[in-house]
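The same subunit A turns up in both complexes below, where it pairs with subunit B and then with subunit C.
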Partner chain A sequence: MSGVSAGIATQLVLAAVALVAATLAPARMRSHVAGAACAGLGVAGAVTGLVAMSGGNPGAGLQIPVTLPLGLPLEPLLLAPDRLGGVFLALAGAVAAVTAVYGIGYATGPAASRSGWAAFAVFILGMQLVPAASDVVSFLVAWETMAIGSTVLLLADHGARSEVVRATQWYAVMTHASFLLLLAGFAVLVAETGGTSFATIAAAGVSGTSASVAFVLLLGGFATKAGLVPVHVWLPRAHPEAPSHVSAAMSAAMVKMGVYGVLLAALRLLPQGPAWWAGLLLVLALASALYGILQASVATDLKRLLAYSTTENVGLILVAVAVALLLRGAGDEPVADVALTAALLLTVSHAAFKTVLFLGAGAILHATGERDLDRLGGLAAVMPTTSLTFGVAALGAAALPVTSGFAAEWVLLQSLIHGDGRDDVALAILLPITVAIVALTAGLALLTFVKAYGIAFLARPRSPAAEHGHEGGRSMRAAMLLGAAAVVGLGLAPGPVAAGLAEAVGASGIEVVGVLGVSLPAVDALLDPVALILLAAIVLAPVVVVHLAAARRAPRRDVDLAWGCGGVRVSPRMQYTATSYAEPLVRVFDDALQPSRDVEVSHADESRYLVSQVRFRQRVTDLVADRAYEPIVRATLGIGEGARRIQNGSIHRYLGFSFTALVLVLLAVTW
Partner chain B sequence: MRLAKLIRRTGRVAEPAPELSTEPAGAFRPDRALAGSAQVRHVDCGSCNGCEVEVGAVFGPVYDAERYGARLVASPRHADVLLVTGVVTQNMREPLRRTVDATPRPRVVVAVGDCAVDGGVFRDGYGVAGFVDEVVGVDLTVPGCPPEPEAIVEALRRVTGR
Partner chain C sequence: MNTLTVPGLLAVQVVGALALTPILIGVMRQTRARLEGRAGGGVTQPWRDVRKLLAKEPLQAAGTGPMLSATPLLLITSSLVVCALVPLVGTASLATVPDDLFVVVSVLLLGTVALALLGLESGTAFGGMGSSRHMTIAALVEPTVLVAVYALSIPVGTSALSAIVAARVQDPASVVSPVGLLAVVALGIAVLAETGRLPVDNPSTHLELTMVHEAMVLESSGRDLAWLEVGSWLRLTALLGLLVNLAIPWGVATTLSLSAVLLGVAAIVVKLLVAGMLVAAGEVFLAKLRLFRVPELLAGSFVLAFLAVTASFLIGGAP
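Presenting the complex of A and B:
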């Protein structure tokens, strides 16, 4: 038995243990026992993933001797992650472990119930088996397990808030639409090749129209899971309503399975696709990146903001994938490898910082009961650990050094700038546009996370709830610190990480250089954060020494009062809010966002010249959801209404229906 | 080029620096922390603007108080010296207190002009809350209605010691 198959067997056993713990443990200990089991499951997944990533013995895995009683030519179910699957297995496992630890302290009420923890275990197991699956049937089973587990988790708070039910409906419909598309896509492939294992499909080398049909269907299914525009609509609805450790796992790991699916389809199953596949992917990804960050930058609900930022980041990841495919098609292999590595770096980095961000949002929600940024503020004073970790993760999300986000986006931009599109007209046009959009996205991301951190944690509290915030339990803080350490660690050591990831996708030309730095000989670029920090420290040391010496000579001078221009009315209402901070952006992107504004001025009784109250209301809705989905929803409801008219409950009418049907069948038979 | 010519033609217009007076001004002892350089914030508490004209002249090219290390700044947060002019009106009493509180210690409050020193001609007016020493403590006074720029410069030089 190889390490990988042992690891997968361990995961199955641990999942069973977690299920038993969740159902049998007494309520008082349930979170501890089940959380620990889930964390163990995550760690087992992470270790297995790392083993698979290093590619000990390819093809090794757990074969499940199940013969389905069907007349279909199914090959045996095989759970054998390849090296790429190992990356995503390790990622899902690590995220699952951190969120499970967090859940021990965080889960209360329905999320800590028997079904809550059991669903969490099922969800994690499904998520970890998706990248391990090595044939169509087990892939789809794992995919559906993941979908069902997350749907149940999403429903946790349905008793308390009515929005939860609606969000879950959206999620369930979208996730099953995704499943249907995948089923159809894989069905096309299986029909063409006659085998259900990925190895058989890849070996058959499907091409032509059926390959294109399969690719588009698979892309649709995976894009829905990954949250690409225009099928992102479930993200901003589901994430705010789910318990925070669940939304962290969903956003950091589950949507990555969509990315894994795209990579699986484009690299392993259908590697010889025409250029328009990559072009389609690039357009979708660019639209997602831009639309996602635009919506995030104007969002005031913290978790909604993070959900849209997920759409943006998945967009960036798939931009890298699409550019890699285009460059590979144009024959620029070395830069394509860099782009592919950038995609995986972005994936890992997003998983790290988005976990922390969602966990931080959960800690805020736990402490204040608020998700609305306009009612938060001043939390840095009362929640120092959350403030620190959220701040580090926000740096990562804004792609600033020395975090993982910076290293990943640096590699992406290197590949975009150095991509050689001279011989390819489409590439020559697309690459500069891509660079521009990625740059705009990066700028907006900076604004978004300055807003998210600054409004939530700095200045004065804007509501009594924010004033009385408090730090979460020990497990919550430990989980957030672990995640923040990962964000900084990945940023400090991009070399080994990038080299490992590059090896997993078979990309060459990524080298470790200096102190854990990364070198890209293909584009003649080099990044060594540790060395840069040491250099900066050496340069800054004299400045610090002089400053300290000066501070000793001239002691600090006391001020009795903060200067308010002689004024007296200092109140938290005078501060920037999330809405006012994003106001210029809303104005600039007025046409794209189409916000609705409402200003209501009420006058004093004495005179119309005296204003007693001004009420300002602004709503930014998701235009894609409104314009594209509302007609579909309305049509579906209309069909339902029509069907209700036929089904009026009268037994006579039903007998009439059967009779008519019988007559029609007889007619058809005797014709 | 034209500017350079203009500068050369105009030359130096500042009055020659008078001797630094050494005789003590009341109980005032300049703080060593402010020696050499002091940032000045001007507060108008209800002046007739006569003193403002003179304060303006102090920092102009002719009297040029910046030669002696005194410099006007835009906020009490940056200031060491508060140059208060005018009698303190009801509306300016609280802002003056806040301005003094917002100035980092050690700080020097200079009352410029008769109104600031003892109320001057506006003393006992209906909108008057008092003179500066009644509202906040005063370290140095510059009497005169309005005081001559030389007197103001001399007071500032006592602070900077230059």
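Presenting the complex of A and C:
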């Protein structure tokens, strides 16, 4: 038995253990036992993924022969991750382990119920089997397991808040639309090739119209899971309403399965696609990146902000994939390989920092009961660990040195500016637009995360709840610290990480330089974050010496008030809030966001000229959701209303229906 | 014997920048004062200000936290690293830390973010206002900077600044090529915005409501303020220096011999002082733009940068 198949068998066993623990353990110990089992399941997945990534034993895995009495040409189910699958298996496992540890301390109420933990185990198992699956049937089974587990988890708080039900409806509909598209896409491929295993499909080399139909269907399905515009609408609804460790796992790992799916389709199953596939993907990805970050930058609900930022990051990942495909089509293999590596680096980096960000948002919610940035503030003083870890992860999300996000975005930009557009007019137009949009996205991400961190953790508390915040339990803090360490670690050592990922996706020309740095000879560029830190330390040293000498002579003195133009009113309500922070941006992008503003002025009784109160309300809605989905929702509801007319509750009518149906069936049988 | 090592050159740049920067600011302020008919404080006034501030005690208002003391050091570190990396005196760079423009921009942004967080931390209306405006401008400048870099990098095939400047020294024709000119003009506008000069921000304003940079540092005093001032001046030196070396590359040391480095130092001092005087003279005739007109200016500079890229693809630079 190879390492990979042993690992997959272990995962199945551990998932069973977690299910048993979740259902049988007494309520007092349930979170500990089930959480530990889920964490074990995650670790098993991560280790299996790493083994599969190193590619020691290709094709090894767990084979389950099935024979259905239908005469369908099914090949045996095969759970054998290839090297690319190994990357995503390792990623899902690591995220699952961290979020499960966090869940031990965080889950309360419905999230800590029997069904809550059981669904979490099922969700993790499904997520880890998706990249392990090597044939269509097991892929779809794993995909649906993941979808069902996450839907149950999302429903956890439905008793407490009515929004949860709405969010779950959106999620369930979108996720099943995604499943149907995938089913259709794979059905086309299976019909063309006559086999259900990925190896058979890839070997057949499908091309022509049926390949394009299959690709578009698969892209639609995977894009829905990945949260690309315009099928992102479930993200900003589902992520805020789910328990935070679940949103972390969904955003950091489950959404990545959509990315995995796109890579599976574009690299493994249908590698010889025409250029317009890549063009279509690029347009969708750029729109997602820009729209996602624009919505995130004006959002005030912390978890909604993070959800939109997920759309942005998935957009950037798929920009890298699309550029890699375009360049590969144009014969520029070395640069295409760099872009592909950038895609995987961005994926891993996003998983690391988004886990921490969602867990941090959960810690804030746990401590204050608030998700609204406008009512937070000053949390750095009462929640130091959360503040530190959230800060590090926010740096990662803003792609600043020396975090994982920086290294990944650097590789992406290097691949973008070295694509040669001199011979190819399409590239000459697409690449500069791509660079510009990626740059604007990076700039807005900077503002978004300065806002998220600065408004929540710095300044003075904007509500009593924020004033009385407190740090979460030990397991919560441990999970966040682990995630933050990963963000910094991946940022300090881009070389080994990039080299490993490049190998997994079959890209060449990514080299480790020095101990931890990365070198890209194809584009003549090099990045060694450790050396950068050393340089910074050297230039900082004399400054620190002067600083300390000055500090000895003139120590810091505390004063009461900040500068208020001579005024002494220090109400925390005078501070900038998240809404006001993003106000200039809302004005600049007025046409794209179309915010609605209400200003209500109420006058004092004595005189119309005296103002007693001014109310200002601003709402920024998701235009895509409003314009594209509302008509569909209305039409569906209309059909439902119409259908109600034929079922009016009269028993005679129902008997009539039954009779008619019986007659029709008899006719059909005897015909 | 008469050659420097690369770390030696970087040390020359950092120390030189630290020494020259207050003078540069002094010259700019003095130029402006004279043109406006004032006597001015003399070119060494910024030096004396920094010395005075370093000796004074910093005040800490109630409710402010760690960013108040951390930001000044973060900002000055980021500025000094940028001064070390940018080819001001010569075009040599370390093997392990190449002067890659994306890295330089990211290091600069680290300082930008530290400043923005400092502004938010004060918990006053002014700090938040400055921080919000500052980040909005920074976010909108980003596309111009990266696309201009992209345009400059196409002819040389790398984003390393030293390679770009060295190529311009060797091939002066590329300086006046449309691609080069468009990219440098676009970058120039971005530099003005990034360093908080007119018409984007008025560095000498005393009215809180119009402040951007000043609003964020309102709560800082003593040595904190000294580092913040020096840090933001150093950004001006580094970026203006980069800009003049791109526009007028002559004099930049392409070897590490002592004479070349000395010539490089002299060249950059002269170029920077002249450029500073020109910027200051220009500012006399400019008013600050309304904040919501700034995006239009930046969009204009973005279009220039974008044209530069497409021009270099379509009319073709050197392969």
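Note that in this section the second predicted complex is superposed on the first by the 639 of 671 C-alpha atoms of A that agree within 3 Å, B and C clash if a C-alpha of one lies under 4 Å from a C-alpha of the other, contacts with A are read in each partner's own complex, and residues count from 1 in each chain.
Convention: a residue touches a chain if its C-beta (ideal position, glycine included) is under 8 Å from a C-beta of that chain, and two chains touch if they have at least 3 such contacts.
Small disclaimer: the values here were computed from a predicted structure and weren't measured.
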{"item": "Partner chain(s) touched by A:Arg557 [first = subunit B, second = subunit C, both, neither]", "value": "both"}
{"item": "First (subunit B), second (subunit C), both or neither touched by A:Val543", "value": "second"}
{"item": "Touching partner for A:Ala408 - first (subunit B), second (subunit C), both, neither", "value": "neither"}
{"item": "Of subunit C and subunit B, partner touching more subunit A residues", "value": "C"}
{"item": "Contacts of A:Ala202 with subunit B and subunit C, given as first, second, both or neither", "value": "neither"}
{"item": "Touching partner for A:Gly566 - first (subunit B), second (subunit C), both, neither", "value": "first"}
{"item": "Which superposed partner A:Leu290 touches (first subunit B, second subunit C, both, neither)", "value": "neither"}
{"item": "Subunit C-contacting residues of subunit A that also contact subunit B", "value": "554, 557-564"}
{"item": "Interface residues, subunit B side, partner subunit A - complex", "value": "33, 75-77, 94-96, 98-99, 101-106"}
{"item": "Sites on subunit A touched by subunit C in the complex", "value": "297, 377-378, 380-381, 395, 398-401, 406, 410, 413-414, 416-418, 421-422, 428-429, 432, 435-440, 442-444, 446-447, 450-451, 453-455, 458-460, 513-514, 517, 523-528, 531-532, 535-536, 539-540, 543-544, 546-547, 550-551, 553-565, 572, 574-576, 580-585, 587-588"}
{"item": "Contacting residues of subunit C [partner subunit A, same complex]", "value": "14, 54-67, 69, 73, 76-78, 80-81, 84, 94-98, 100, 102-103, 106-107, 109-110, 112-113, 116-117, 120-129, 131-133, 135-136, 138-143, 145-147, 149-150, 153-154, 157-160, 208, 218-219, 222-223, 227, 291-292, 295, 302, 306, 309-310, 313-314, 316, 319"}
{"item": "Subunit B partner contacts - residues on subunit A that touch it in the complex", "value": "554, 557-564, 566-568"}
